[in-house]
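In the two complexes that follow, chain A is the common piece, with chain B as its partner first and chain C second.
After this line comes the complex of A and B, so read on.
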């Protein structure tokens, strides 16, 4: 893939999640703290299972499914993002069947080894945790998330740092996109490939511009009465809906973690005593 | 080198969260204390710069592959270790949230591996010692190369340690090490070369930027030993507590649940619920003939699970799991249709 189209894609990616976060659904209206807490409990519950667990992980898909529904989020887009980041986990996990060949159970003539079971478990964990995180940001937006983090005890300067990064991310991605496009328009034979030497020039120039930009921003802040103290103004209300959401989901997750809901239901349906 | 939540155990992830949170708090305090409020916008914009520049790949001569800047060392040179640590941490948070690179539980690990190591080991203990205060020529190149290689080697080693200790991946420690370290040697060399190149460029074009970064930073009195011992203490305490949770019972969650409810697990199917269930079962079971006879599984496979698994019950578990999943998807779908209507 050529570089400028890669940058374009990243640009579009962040923008798309941001647009999703602008929607107005019951999920979007919740205080971000409630969603953040529920998601953290969810992730800890999911990853705390033993490595051969499959059936008890499956009920946890309730949470992403319900949230996608409540927040009216596009499941196809989220799935595409999931697949895009899966290579690393698959790469590490695919060694499990290789190293763990003890047979766990057989389906007819096919013996299933522990490695395949743990690999499947790993993939399910991956899908659950990543989709929960994506849903969190797609239903909340970045700025409210940072403010929620600040309210939950993140150092203020770090919250401000996150907000600043996010504000200038788009500006700088656009700037580097222009530089790369200018370069590729002037390099016919190389097909836009950037050599080490050229890269240093590009990076150095972009860095100089960036530092100048920071100086201008600082001036602008000073002229608006910046005294070194950043004020974050945001009204949040942690009402009964938030309590219901955070506490309700946490109770559900911990119940699903501690009691074998899947097994219970399965035995019910199949009449095993 | 972004780790995913799926590869981590709660004990390892939690420990690294505590360590990283403590370091972030420490760095925040240091940055606040330094009187230079120009740094606040500079940190934000430079983090965005790192983000943008990471997307520009360049071809590595003679190999056919391409590389890009990671930026931790560069930020440390421009901002000093504390501000750089916060900036890199913010980049990793955004990557986790928007690109799903690494997860939320893995944030602690990722910030430690890619940020804290470079900012508090690679920069002050290696780069600073070799390069001194006037970065130029071969000293700069050597400093950046060594610092880049060491930071990335340590980072890769931390990834291996964290993954192995979590025990989700079956990869043996030794083969994982053999896979990770050489790749990150190459990445570290590239990182050192680019960092040195960019710093040299800035030094030629606008030396005052580096001068100013080198002088206004209160690095002389930065008690790096204190930082490292502090880090180690926090890590040991956190790991100790969390692993005690983990080892006294298969999982800490069950342990804490036992304290809350007085039972290790909530009432299972074998207890009082069962008799009620049995009655309901007769009415609701729609595939009673599919009940498997209880067979015990291969004993060597059962050692890791808390109770011996039988084929019948594990199949039942799977069926139940799939049912709940379908139910969840159904609910989600129904909600989606409902909320989609008014729009």
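After this line comes the complex of A and C, so read on.
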């Protein structure tokens, strides 16, 4: 695929999370703060396991699975998003098998080294945490999430920065898309490949356009009586459902973190046999 | 309130590199008037508009809005009175949902949440986009964005609407609907545009600018009938005033 159509696709793809967030399901109706809290506890629990842990991580897949069901989210789409980001994590973990060659256990004639185990553990953690974050956004929307962060005590300036960043991400992508398109239309023999020299020019151009736009946006804000603080009206209601969701899942995660549920189940099964 | 609402006196403006952009403009716009500002690219239309809201400070001369002279002290009041609709709605709609965007001005004017909600709903209803309230602005069409941009200004209940190219980039139907919408507004309107046919529909008065000066200021029908004036200002007659190329009529 050529560059411009790839950017095009990314553009429509990011927007799809917003569309998903517009749905009306029990999960979407929850106060964003409840989902944010539960997801934070989830991530902390998953990340805090030792580096060779695998079996005790597996029960945590319950959370994304339940949420996908509750929120009627498309698992295929979320999986694709995961695969898109996965190279970063694979790159971080791929050298583990070289550095850590102590044999942990053997399956038949194959010896499994600590490096492979920690690599697998890393991948599982990546899948769990990133899918939880994606589900959070797909069921809440970016803007309500930033507002929830602010209500939960994140400094206002960060929440607002994040909001603005998200709003203008699309404009910036569209702007870059137009430049790249214009470039590829007149770069016949190079097949749309951007050389370093041209890249510098494009980046500089984009920066200047961005500054211009920032100026215009600032004027638009000033003409609507902006005095330095962004105010937002939004009613949040943290009812019993929210308490149930946040507290319930937190208790489950902390239990799974502190007790070996998978092992317990295994032993239980063995005893019954 | 006095009956004149926008008074510009001997307005001069030089860019920081001393290039003159406005070379001494004077005009008065009265309450309820609808005035078009037309002129070639680079004639100084946008620069003039930026003075009406205090974004640029004149090198010489003054701008009076209602009873107050535009100074640093009156800036906030003037900006509430003068609602500015920008050319590119993406510059104007900076919040992440349509509702929040339209609520931005009223919230800054310290209204109660109920009042804000009412203002937003009214503004959205006026421009006919009530169903878009929860949508993110970047997913709207240009026509919808333009309507929301106008709503975001209407929600502050300005007395004067200043618009830069309101019909740019709209399809014929969206353009027609926008013109019909603007015609229902009772505000004093100042519209900078190249769309001379729209001017004929909306503005009884036209100011022609050329190279930083006012070349003519008068009734729209008189101005568009003056071939020499139009030609020397790099303009053309509105299409509907030109002969029919197919039938020669």
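Here, the second predicted complex is superposed on the first by the 266 of 273 C-alpha atoms of A that agree within 3 Å, B and C clash if a C-alpha of one lies under 4 Å from a C-alpha of the other, contacts with A are read in each partner's own complex, and residues count from 1 in each chain.
Operating definition for what follows: a contact is a pair of C-beta atoms (placed from the backbone, for glycine too) under 8 Å apart; a residue touches a chain by one contact, two chains touch by 3 or more.
Only a predicted model underlies this, so the values are computations on that prediction, with no experimental measurement involved.
Of the two partner chains placed around the shared chain by superposition, neither chain B nor chain C is touched by A:32. Judged by the touch definition given at the top, the superposed model places A:143 against chain C, while chain B stays out of reach.
Of the two partner chains placed around the shared chain by superposition, chain B is the only one that A:176 touches, whereas chain C remains out of contact. Once chain A of one complex is fitted onto chain A of the other, the partner contacts of A:225 are limited to chain C, with no touch recorded for chain B. Contact with chain C, but none with chain B, is seen for A:22 once the two complexes are overlaid on the shared chain. Counting residues of chain A touched by each partner, chain B versus chain C, the larger count belongs to B. When both complexes are overlaid on chain A, the residue A:40 reaches chain B alone and has no touch with chain C. By the document's definition of touching, of the two partners only chain B reaches A:158; chain C does not. Touch criterion met: A:200 reaches chain B, while chain C stays clear of it. In the superposition on the C-alpha atoms of chain A, the part of chain A touched by chain B in one complex and by chain C in the other spans residues 142, 163-164, 166-168, 171, 213, 217, 221, 226-227, 230.
Residues of chain A touching chain C in their complex: 15, 18-19, 22, 142-143, 146, 163-164, 166-168, 170-171, 213, 216-217, 219-227, 230-234. Chain C contributes residues 50, 53, 55, 76, 79-80, 82-84, 86, 88, 90-92, 94-97, 100, 103-105, 107-109, 113, 116-117, 134-139, 152-153, 156 to its touches with chain A in the complex.
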